[in-house]
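Order of writing sets the chain letters: A, B, C and D. Residues in each chain are counted from 1.
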Amino acid sequence: MSRTPASRRPGPAGGSGPTPYRKPVPIFWWLRRRAYLVFVLRELSGVFIAWFVVFLLLMAGAIAEGSDAYEQFRDWSGQWSVVLLNVIALLFVLLHTLTWFGLAPRAMAVRLRGRRVRPGPIVATHYLLWALLTAAVAWLILKG
Amino acid sequence: MARRSPEPLLWLLFSAGGMAAALLVPVLLFLFGIAFPLGWLSAPDHTHLLSVLRHPATKVILFGLCLLCLFHWAHRFRYTLYDGLRLKNLSLVISLFCYGGAVAGSVAAGVVLFRI
Amino acid sequence: MPASHDVVVIGGGGAGLRAAIAIAETDPRLNVAIISKVYPMRSHTVSAEGGAAAVAGADDSLDEHTYDTVSGGDWLCDQDAVEAFVQEAPRELLRLEHWGCPWSRQADGRIAVRAFGGMKKMRTWFAADKTGFHLLHTLFQTALSYRDIVRYDEWFVSTLLVDDGKVRGVVAIELASGRVETITANAVVMSTGGCGRVYPFTTNASIKTGDGMALAYRAGAPLKDMEFVQYHPTGLPFTGILITEAARAEGGRLLNKDGYRYLQDYDLGKPEPVPVARSMELGPRDRLSQAFVHELDKGRTTPTPHGPVVHLDLRHLGAELIDSKLPFVRELCLKYQNLDPVTELIPVRPVVHYMMGGIHTDIHGATGLDGLYAAGEVACVSINGANRLGSNSLPELLVFGARAGRAAAEYAAATAGTGPGAAVVAQARDEQRRLERLVAHHAEGRERIADIRTAMQDTMESGAGIYRDRESLAKAAETLLHLRERYGRAAVGDHSRTFNTDLIALLELGCMLDVSTSIVHSALSRGESRGAHQRTDFPARDDERYLAHSLIHHEPDGTGRVEYLPVTITRWAPGERVYGRQ
Amino acid sequence: MPENDRITLRVARYRPEQEMEPTWQSYEVPLRKEWTVLDGLNHVKDHLDGTLSYRWSCRMGICGSCGMTVNGEPQLTCSAFLTDFAPGPVRVEPLANFPVVRDLVVEIDDFMNKLTEVKPWIIRAEDKPLDEGEFPQTPEEMDAYKQYSMCINCMLCYAACPVYALDPDFVGPAAIALAQRYNLDSRDEGSADRRDVLSSAAGVWACTLVGECTTACPKGVDPAGAIQRYKLTAATRSLKDLLWPWGQR
């Protein structure tokens, strides 16, 4: 079957009606609906994840350089402005985590014994994994 | 049919980054960015951290985390500029900036981490 | 230069789409167009719920399906047509399966069937309780794969062009622009569906205004058996939304105000805990709706602000069965009745559902006019006789849609090259002028379209309802004549060319007035009670005089001339309709 | 609720022959507990102003004609009850993101074309003869696509989608969901034929998973999920092609 579809307005001489009205989209369209605003904030979380990478590398570099550099890094990261930035970043990252786990069942069609697994258990598995990894990382860092 | 669109691979990197970030970034950011600076928890000493960082597994994991996070940022930021600021007509510049940034950042991460 | 096609199909519902595909398959060189006043996927086929009957099981036979259909139709069916229908139905439903229709399945992957009213065996294929929806979308999406089928979406056909007894095309209005175009064709397939909207309380969508019946009737094709109007026993009060017969096939029970299964009082069998074929709640629709009227007369219905009701009880079926087999019933009850059938009774009352009558066609869909074919509810072949069995209408539109399509394709191929004559061009020009004058004329009108429409609907319900008699019908005929006069003074306040739904409402009302007049005159003429046509002044069936189809011809004064055509009997001599007993 | 309760409908009017952009017109209609917004509009059409244009048909949420924007949200007006908006006024506008033809009527040609592009029909290398009977399909196999087959083409998802608003080339939620409906059908062999359109820049990759299409869908189709799943399929496939370029397909 190698049919290709037609998509044309039939009839002779084409449309003669008046032009339809197209509503313009404002630049800040995402301020008009709560759901759109949440979406844009979610997308902005990417910026803070990038910031975290920068922060992590600065710290790693400082640790590698020696204990003096590490102390300097600690002084810098203890400034209220840096802490505030990290608090905001953490809030965005948490928004990312929650929305990410919430959307995970959308992309995955997990099948167990022929049956599609419902979204609930998939989300729960993500949270469980998150808890385990968080505990492991915390243990590794704090055990010293 | 060999159409080579980079989108699928970029999306895979974005997705992997999203997952890695969701799982690992909150605890790291909370500890090093907030809890230790504010003294809620006593910060680990330099020797301990250095020994953790020197472990090859840590290096590989952190490098992977940085790379994926950066590509995650790049993908999202690109679409935020496209849609949120309606700049799709600048798509080439934006793509270069975002993914170029991610590549550069990843190289920097490699240099920092693997020199420890 | 008018647009021209080999075949034009009017109506993009199940029958029209099936016809268009059949035409494209029969002769790929033919240029086919579908003209529809709505986008095809909006067509009323979408609302069909319960299923589509076709012999499937080893325990079933074509003869049994034929017998159920013929007895269900009170022996007014043409038996040759029914035999062709039951024979081709399974292949049509199977073809739909190959086209992707998500028929409900058994655990092993084969097609599942369910019981249905008036059917002795389980032979109703179903897609949960959205069968019509899936059937229509499957057909529409499959039709998209035929590049040569041109679509005129949201074009309203205002007249058929007829030259020398042959249909040569149509004049149609494009809603979006208001332009009026002549579209010529060598053959026309009419598949615009029914006319439930001539009644006040109907399951039918707002678009079911009998346009195709009226167009054919005015053009000279007679309408057949118009007095047979099916009332479905279970509609939701106020909205008239259909609660499918499948609800009863799965075990739902009808209860009067005392919680009593009243159907046992009307020679429909004894109440059993599980559904029994051709018995009680699985009796035919005409008998069930008539039983409701008797319960009403005995004061055993429950009054509500929207009329008296009885109750449909599904509670004993449980949530799991309802969610898997009847999800739409639950959805509709929750949304429109604010109740959950898992735990509550559903109030229901009879509601106008289907026209057994329609444009007279032969077994190939050919009408009384050369070049005009018809299929689906708009047509009367007749396989439904005096009462259609539930789940026969979907296979009917497939079987006869395909048949009409093939016949139209052959006719168009045979008459190819004969362009429209001068008479057709003149007619088209006249129609264009008429439409322009119509808008100007009705701009001065004072009568509200909705008022005339409501008056017509009330007239039909009181004069030609479940039970009628000479007096009620004669009065209805008189009122309709008066309404025609008022129609001449109807007001069209909208003078825009762009998407003028006021003008369309006017044209639809004109069609409905013609169709309702044909119903009333056909009903007046038939002095017997048969199936859905119950005359209190002639309570018995009269095979001596009326084992015949009524054919009503349009008269210029707006009335109709009724003739009779004998019913085709092949192997099933008329007998008693027996339900609920051996 | 007293019988004489009333509610105001603020309706967007657009008469292209008379005005350059839409204006508002208010109508007062009875507020009854059974009445939907559509019943309110019908009351206006029948008794107050015959010039108001809108589409409707089945009034039972299955034909997909009567989608409009009610108080800012895309909804089927036959399923939106007036009492839920009391005391009003109720703002009724045409569906967002589509060109407005007249009053509450929008042009959906764009969707109709896109629907055709994604080839929403069974594609097979070889047709199976009818004499061989049906394609067996277990309830589990049917479950794989059933949800996506419930789309009534009402266009609420396009009206809710900001990506479609910004980029009219986007194939869009319903069309992609319907493509997936066939891709995931065990009878179909046409996923390769649909790949070009679906994995183009205007296909799934344009979607940023706002998720509003799924929220707006009155039939629980979850187009956002359909798109995500297709992304995963396409990405996995690309990865395989990259790692085993010599592998089969």
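Just so it is clear, contacts are C-beta pairs under 8 Å (C-beta built on N, C-alpha and C of every residue); 3 or more make two chains touch, one makes a residue touch a chain.
Everything numeric here is computed off the predicted structure, so don't read it as measured data.
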Chain at the geometric heart of the assembly (C-alpha centres): D
Higher-contact pair (C-beta pairs counted), B-D versus C-D: C-D
Longest centre-to-centre distance from chain C, chain (CA-based): B
Distance between the centres, which are taken as Cα means, of chain D and chain B, whole angstrom: 37
Centroid spacing, where centroids are CA-atom means, of chain B and chain C in whole angstrom: 63
Centre distance in Å when chain A and chain D are each reduced to the mean of their C-alpha atoms: 26
Touching two or more other chains - residues of chain C: 144-145, 176, 497-498
Multi-chain contact residues (two or more partners), chain B: 15, 79, 86
Of all residues in chain D, the ones touching two or more other chains: 16-17, 101, 107, 112, 116, 119, 127, 162, 166, 208, 231-232
Contact footprint of chain B on chain A as seen in their complex: 25, 27, 30, 40, 43-47, 49-50, 52-53, 55-57, 59-61, 63-64, 66-67, 70-71, 74, 77-78, 82-83, 86-87, 89-90, 93-94, 96-97, 100-101, 107, 126, 129-130, 133-134, 137-138, 140-144
Chain A partner contacts - residues on chain B that touch it in the complex: 15, 17-19, 21-34, 36-38, 41, 43-53, 62, 65-66, 69-70, 72-77, 79-80, 84-86, 105, 108-109, 112-113, 115-116
Chain D to chain C touching residues, read off their complex: 15-18, 34, 45-47, 49-51, 53-65, 79, 101-103, 105, 107-108, 112, 115-116, 119-122, 127-128, 130, 133-139, 141-142, 145-146, 149-153, 178, 182, 185, 187-188
Residues of chain C defined as touching chain D within the complex: 38-39, 41-44, 46-47, 91, 94-95, 97-100, 102-103, 105, 107-111, 130, 133-134, 137, 141-142, 144-145, 153, 176, 205-207, 238-239, 241-242, 306, 328, 331-332, 335-336, 448-450, 491-494, 496-502, 505
Parts of chain A lying in touch with chain D, wherever the complex brings them together: 1, 5-7, 9, 17-23, 25, 29-30, 33, 35-36, 39, 43, 103, 105-109, 114-116
